[in-house]
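The following pair of complexes shares a single chain, chain A, combined with chain B in the former and chain C in the latter.
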Partner chain A sequence: MAKITINGKEIEVPQGKNLVDAAKDAGVDIPHYCYHPGLSIAGQCRMCLVELEGNPKLQIACNTKCSDGMKVHTNNEKVESAVQSSLEMHLINHPIDCPICDQAGECGLQNYYMQHGKYNSEMHEEKVHKEKVVDLGDHVVLDKERCILCSRCVRFTQEVSKTNDFGIFQRGDRSTIGTYGDAPLKGNYQLNTVDICPVGALTSKDFRFEQRVWFLDETDSICGGCSKGCNVSVHHKKGKHVYRLKPRTNEQVNGFWMCDKGRYTYKNSNYDKRLTHAQLGGVDLPHDEAIASWANDLKVLIATERPEEVGVFLTPHMTQEEIGSIVEHFAKTLGVTKFFSEDIEKLSKDDKDVDGLLLRSDHYPNSKGFLKLASSSKIKIQQVEDLVSALQKGSISHLILFVPEGDKILPAMTRIAQVTRPDLFVVAISPQSSAVELFPSALTLPSLSHYEKTGTVINHAGLEQKMAGGFKMFKESFSIQEIVEQLKVKSTESHQRERAAR
Partner chain B sequence: MISKLEKHSYMIGIVRGMMRTGGHFIKNLLRITRVPTIQYPEQRRNYSNRFMGVHILTKKPGGDIACTACMLCATNCPAECIHIVAAESANPKVEKYPAVYEIDLLRCVFCGFCEEACPVDAIRMGRDYEMAELSERNFVVGIEYLMDRPALKGKNISLFHEPEKIVKVEPKQERKIA
Partner chain C sequence: MIKKTKHAGNMRPMAIEQKPLESEKRILLEHELVPDMNKIDVYASKGGYQALKKVLQGKMTPDQVIAEVKAANLRGRGGAGFPTGMKWGFVPKSDGKPHYLLCNADESEPGTFKDRVILEKLPHLMIEGMIIGAYAIGAARSYVYIRGEYTYAAEVINQAIQEAYRAGFLGKNVLGSGFDHDMAVHRGAGAYICGEETGLISSLEGKKGMPKLKPPFPAVEGYLKCPTVVNNVETLATVPWIINNGGAAYTKMGTAKSSGTKMWSVSGDVNRPGVYEVECGKPFRVLLEECCGGMKNGKKLKAVIPGGSSAPILTAEEAMNMTLDYESIASFGSMLGSGGMIILDETRDLVQVLKNLAEFYHDESCGQCTPCREGTGWIEKILHSFTEKEAKRDDVELLKKISANMMGRTICVLADSIAMPVESYIRKFPKEFENYLQKPKTLEMKQRVG
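And then the complex of A and B:
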C-alpha cells in the first residue's frame, strides 16, 4: 500500500495503481479521453495533466503509477489552464454538430467543456473538413470530423478484438481515423468501439437517430444471449421501448466489453415481436378468463388423479425464481412428473468459448441454474423426442409450454407442433408470438421478456447474478411466478365455488 | 324572534345589485362609456407583438425543412406535446431531418420554450389563434400544417439561413431617476 495526497487529502492506494483510477476512487475526477482501464496507455489527449510535487512540469496522470509519498494537485491554476488549453486544441477542428450527433448527452467533449471550456474561440482559420457518414460495415458509422484522435478504437482492435481494423492516417491537423482501405469492420465486437469512443466519431448504426440519450432510463440486467452472463445496462424510454444495451463493467465476467450478438438481443423485448394479450385459438380474451379456463382443465386431471397426463416443457431462458415456482407448483403440489426440455446437459457440457473472448456456444443464460434446480428437486428432465413420442402415443392430454424468446427454439417447437393433435389442450406461455403461432388452437399467455425480468441467473462458471428488471412494457404480460400464482388462486377459487354449490 | 324588517333585509342587497346592473345597461345603451365588445369576426382585436399562437416550422431558402431533429424543443417542452421521429435524409449534406414532427395543440401551453430552445430558428411561435376542429385528433398537427399552411404564404424562412435579415435592436436606455 502507498500513501498519496490528492489535493491535500491523504488516501491509501495499492502501490503502482494508475493515478486516474486512484483519484476516481477518492472522488476526484481527472478529465481524460485516451485513457481506458481496459486498454494500454497512449498519452495522446493530454487532458489528464496534473501537478506532481517535485516535478518541474505537469505530468499525465494516466501514465503515472501511485507511489508512496506522492503529492498530486489536480485543481490548481496551473493544471486548470493546461487542461483548458488541451480541450481548446481538441475543439479547433471539431465541427460542433451536437444537434445531429447521437453522442450528444454522453459526449466527453460536452461534459468537459462545461467544466474546463474556454468559451471564446481564438481561432480565425477555417476548420479542416473531413469525411462524414463513412459506412464501416453492418454496425458502425464513422464521422472523421468529430474524431479527436484519442486512438482508443485503434488500441481496442489491436489489443482486445485483435481484428486490427483501425489506424490513424495523414499528418498534423489532417490526421484522420479510418480503416485500412476503407474496409468494413470485422468480428463480433465492433460496437465496443462505439462505447469507448469519447466523442461522436463512431456511432452505432442500430441506434442512429433513434433517440436522444438524455431521454433514456437505465436498468441493470444480465445479457440473455449466451451462458457468459455479461453485465449489461438496458436503455429504455420509460419502460415502453428498449433502445439499446450497453456493457457494465464486471472484471469477473465480461470486463468492459460485450459482443454484438448479445447487444441485439434487446430486440426481442420490443413491440413488433411481442405477444400482448392472452389468446385462445387466435382470439383475444381477458387474462382472468384465460387463467380460469387453464385452471379448469388442469383441475379435472388432478381431481381424477391423472397428473401423469400433464406435460411441461421449459427451457433455461428463465430466472431461478421462475423455474423454482414452476417446479414448486407443478412437481411438488400437483405431482406432475413429465418435464421436457432441450438437451440442456449436453449443451452445458459442450459449452465452450466460441471466439476466445466472450461469446459462448450455449445460447441459454441460465443452463447451470436449470440443471442445479432440476437435480436438487429430483426432477427428471426428458428430451424433445420423448415429448414427441409421448404425444404420438397420446399419453399426454394437457401440455404446458414455457416458450422462450428468440428464434433458436423454433425447430424444437415446430417438431412438437407437427405431432400435436388439434384437440389437445395446449397452454403456451411466451413473451413472443413467433413460436406460439405454431399452435393455432392453443391458449396463449404473454409473459415478460428477458430484460423486463427481475431475478437471478447462474452463468457458465457458476456465478449467481441478479437482474434488476422492474419495467413492464405491456399491461397484460406477467412474469412466470405471477402467472403460476394466478393459476393457484384460480384453482382454489373454483374449488371453493364448487364446495359452496354442494 | 326575527323581526319582519330583518327577515326582508336581503332586499337591500338585491336593490343595490339591480341598480348596478341597470346603471351599466343605461350607460351602454346611451353609449356613455366605451363598450369593450367587438363585432367578431368582422372586427378583430389587435394582439401584442409578443402574442404566442400556433407554431411555425421554418424552411431553408430551397424549401426544405430547417429543423435538424435535435429534439431540444421536445426536451424543453413542459407539456411534452412535441413528438419527433428523426431519420436519415437522402440529401448527403443534411444527414438528419425530422420524418415526423407533430405538435399536440391541445396539450401545448403556448409557453414558447420550444422557440427558445431551437438552435437553428426552425420553430417559432406564430400569431394564429383561431383553432377549431371537429375531432380531437385533428389538433395533432404535423409538418404539412406547421410549415406549409396557406396563412404563412411561404414567408417562413429560417433566420439561421438568412442571417442578413436579423435586426439587432439596441436595448432601450433605462430611464434616469432624477
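And then the complex of A and C:
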C-alpha cells in the first residue's frame, strides 16, 4: 500500500494503482476522455492533467502510477485552467449540435463543460468539417465531426474485440475516425464502442432518436442471453418501456463489456411481444377467473390423488426464487413428480466460451441454479421427449408450461404442441405470446419478462448474482412467485367454499 | 562521383564548395572537401575506422566507451541537447532483450540542413560512430532512419553500408572482436513528426508516426518494446573523434558546459548561407560576419531564429550579444536546438513569418493530443484572418492564451514548437503586430500581404 495525498487529503491506495482510478475511489473525479480502465493508456486527450508536487509541468493522471508520498493537486488554479483549456480545445471544432445529438445528457463534453467550462467561446474561425452519418453496419452510426479522437474505439477493436475495425486516418485536425475501406463493423461486440464513445460520434442504430436519456430510469440486472451472467443496467422509461441495456462494470464477470446479442434481449420486454392479459382459448378473461379455473382443474386431480397426471415444464430462464416457489408448491405441497425441461445437464456440461470473450454456448442465464435446486430438492427432471411420450400415452391430463421469453424455446414448444390433444388442460405461463400461440386452447397467464424480475441467478462459474428488477410494465403480468401464491389462495378459497356448501 | 539515381525528391547532392574558413573549427567536416570522401578507401586513408579499431581491437569495454563519451560531455545535436553518454548509460545491461541503436537522420526542422552534409559527404563518419555506439549499448542491429526527401543521401548511405560490410566493419564478428552488428537504412515517408524520437520508433515499427507516451523511455522500452537509443547524425559522427582523441581533448574545445564544436546551417538574408562548423562559445558575430559574409545587400539585421524554426526568436540586439553555446542562447530565452539558424533582415514581416511557421506546424501535427491537434489549426486560422481579413487586438491576446495553453501539455514537443514562436514573436516584436492593427487595409497593404 502507498500513502498519497490528493488535494490535502491523505488516502491509502495500492502501490502502482492508476491515479485516475485511485482518485475516483477517494471521491475525486479527475476528468478524462481517452482513459478507460479496460483499455491501454493513450494519454492524448490531456483532460486529466494534475499537479504532482515536485514536478514543474502538469502531468497526466492516466499515465501516473500511485507511489508512496505522492502529493497530487487536482483542483488548484493551475490545474483548473489547464483542464478548461483542454476542454476548450476539444470544443473548438466540435459542431455543438446537442439539440439533435443522441448523446446529449450523457455526453462527456456537456458534463465537463458544466463542471470545468462555462466560458464564452472565442472560436470565431470556420470550424473543420468532416463526414456525418457514416453507416458502420448493422448497429453503429458514426459522425466524424462530433468525434474528439480519443481513440477509445480504436483501442477497443484492437485490444478487446480484436476485430481491428477502427483506425485514425489523416493527421492533425484533419484526423478522422473510420473503418478500413469503409467496411462495416465486425463481430458481436460492436455496441461497446458506442458505450465507450464519450461523445455523440458513435451512436447505436437501435437507440438513436428513440428517447432522450434524461427520461430514462436505470435498473440493475443480469443479462438473460446466456450463462455468462453479464451485469447490465436496464434503461427504461418509468417502467413502461425498455429502451436499451448497458453493461455494468464487474471485473469478476464481464469487465466493462457485453455482447450485442445480449444487448438486444431487452426487446422481449416490450409491448409488441408481450402477453398482457390472461386468456382462455385466445379470449381475454379476468386474471382472477383464470387462476380460479386453473385451481379448479388442478384440485380435481389432487383430490382424487392423481398428482402423477400433472406435468410441469420449466426452464432455467427463471430466477432461483421462481424455481423455488414452483418446486415448493407443486412438488412438496401437491406431490407432483413429473417435471420436464430441456436437457439442462447436457447444456451446462457442454457450456463453453463461444468467442473467447463473453458469449457462452448455454443460452440460459440460470442453468447452474436450476440444477442446484433440482438436486437439493431431489426432483428428477425429465426431457422434452419424455414429455412427448407421456402426452402420447395420455398419462398426463394437466400440463403446466412455464414458457420463457425469446425464441430459443420455440422448437421444444412446437414439438410438445404437436402431440397435445385438444382435451388436455394446458396452462401456459409466459411473458410472451409467441410460444403460447402454439397452444390455441390453453389457459394463458402473463408473467414478468426477464428484466422486470427481482431475484437471483447463478452463472456458469457458480456465481450468485442479484437482479434488482422491481418495475412492472403491465398491470396483469405477475411474477411466478405471485402466480403460484394466487393459485394457492384460490385453491384454499374454493376448498373452503365447497366445505361450507357441504 | 556517385551516379545520380532517378529518384523523386532531392536527388542532387548538396553544392558546398566553401573552403574551410579561419573562424571555423572543423573536426567533423575536416575532410569534407576531399573528393570521393564517401568511399571507404578514401575515408580510411584519412584515418577513418581507426576509432572503431581502437574500440574493438584495443579491447575497450562498452563501459569504457560510454565513460569516454561522458568525459567528452557530448550533448545531443538533434535539438534537445541531452548528454549522449548519459543516454547510453540508461540502457539496461544484460536484460536478455535485443537492443537497438537508431540514427535519427530525419532532418526536417525548417532551417536545418546540417546533417545532410554528413549524410552525403561523410557517410562513413556517421556509420563508424554508429557501430561504436551500438557496441557501447550492446545493440546487434541499428537503423538509419532517413528523411524521405533525402533520396540522394539514402543512396550514399546504402552504398557506404555495403562497403562497410565488405570491409568487415559490419556483419558477423566485426574485426574479429566477436561483436556482431547489422545496419540498414529506413526511409521516412515525409512526416516531420517522425523526427521526434518516439515518433521515429513508431514509424520504424510500421505504425503511423505518432510519438509515444513517456514513461517508459526508449532506453528501457523503445523500438519493438526493447531498449533503444536514438541519436542524431551529427552526434554519432562526433563519436569517432572522441574515441581517437579522448573525451578530455573534446572538452578543451568550447565552453565548460557546451564542449566541442557545433555545425550550424545558416539560411536567410546573409551573403553566404551554408553549413559551418564552429567551436562552441564563439560569438554569434563570428558566424554571421566571418562565416556567412554578413547581411545580404547591406540590410540591417532584424531577428534571428537560432536553433531551427521552433526556437523562440531573438532580436538583433540579443543575437549580437549571444555566444554560440547552449547556455548563452538559453539565457536569452531561446535554444540552440538543431543549429538551424534563420537570419531575418529589416524588410521581413515577422507576422508573415509566423503565419508561415503556423501553417507548417498545423500541417505536421500528428493529431494525437488535443491541445496540439486543435491549437495548431486555431493559431493558423487566427493568423490568417489577422493578416488577410481583419486584424483585431483581441486576436493577439487570444494567440498568447492559446500558445500558453499548448506549452508543455502534450506527449511530444510539437505543440511547444509553435507555441514558443507565437509567444516570443508577440513578446519581442509587438510592433509587427501593431502595424496590422493600425494600418487600414490599403491596396498597397493588401498587395504586400497577399
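Rule of thumb we're sticking to: the second predicted complex is superposed on the first by the 501 of 502 C-alpha atoms of A that agree within 3 Å, B and C clash if a C-alpha of one lies under 4 Å from a C-alpha of the other, contacts with A are read in each partner's own complex, and residues count from 1 in each chain.
The definition used in the following text is that a residue touches a chain if its C-beta (ideal position, glycine included) is under 8 Å from a C-beta of that chain, and two chains touch if they have at least 3 such contacts.
Being a predicted model, the structure only gives us computed values, none of them experimental.
In the model built by aligning both structures on chain A, chain B fits alongside chain C without clashing.
Residue contacts after overlaying the shared chain place A:G54 against neither chain B nor chain C.
Contacts of A:G8 after superposition: neither chain B nor chain C is touched. By the document's definition of touching, neither partner reaches A:G356: not chain B, not chain C.
Within the superposed three-chain model, A:G181 lies out of touch with both chain B and chain C [touch as defined at top].
Of the two partner chains placed around the shared chain by superposition, neither chain B nor chain C is touched by A:G16.
In the superposition on chain A, no contact is made by A:G462 with either chain B or chain C. Measuring from the middle, so to speak, at the Cα centre of chain A, the directions to chain B and chain C differ by 90 degrees in steps of 10.
Between chain B and chain C, the smallest C-alpha to C-alpha distance in the superposed model amounts to 23 Å.
Taken together, the two complexes place no residue of chain A in contact with both chain B and chain C.
The part of chain B that touches chain A in the complex is made up of residues 68-72, 75, 86-88, 92, 95-96, 119-120. By the touch rule above, chain C contacts chain A in their complex via residues 191, 193, 208, 213, 215, 362-371, 373-378, 381-382, 385, 394, 398, 405, 408-411. Chain A contributes residues 98-100, 104, 132-133, 208-210, 212, 214-215 to its touches with chain B in the complex. By the touch rule above, chain A contacts chain C in their complex via residues 41-47, 49, 57-58, 63, 81-82, 85-86, 88-90, 92-93, 122-126, 128, 148-149, 168, 170-175.
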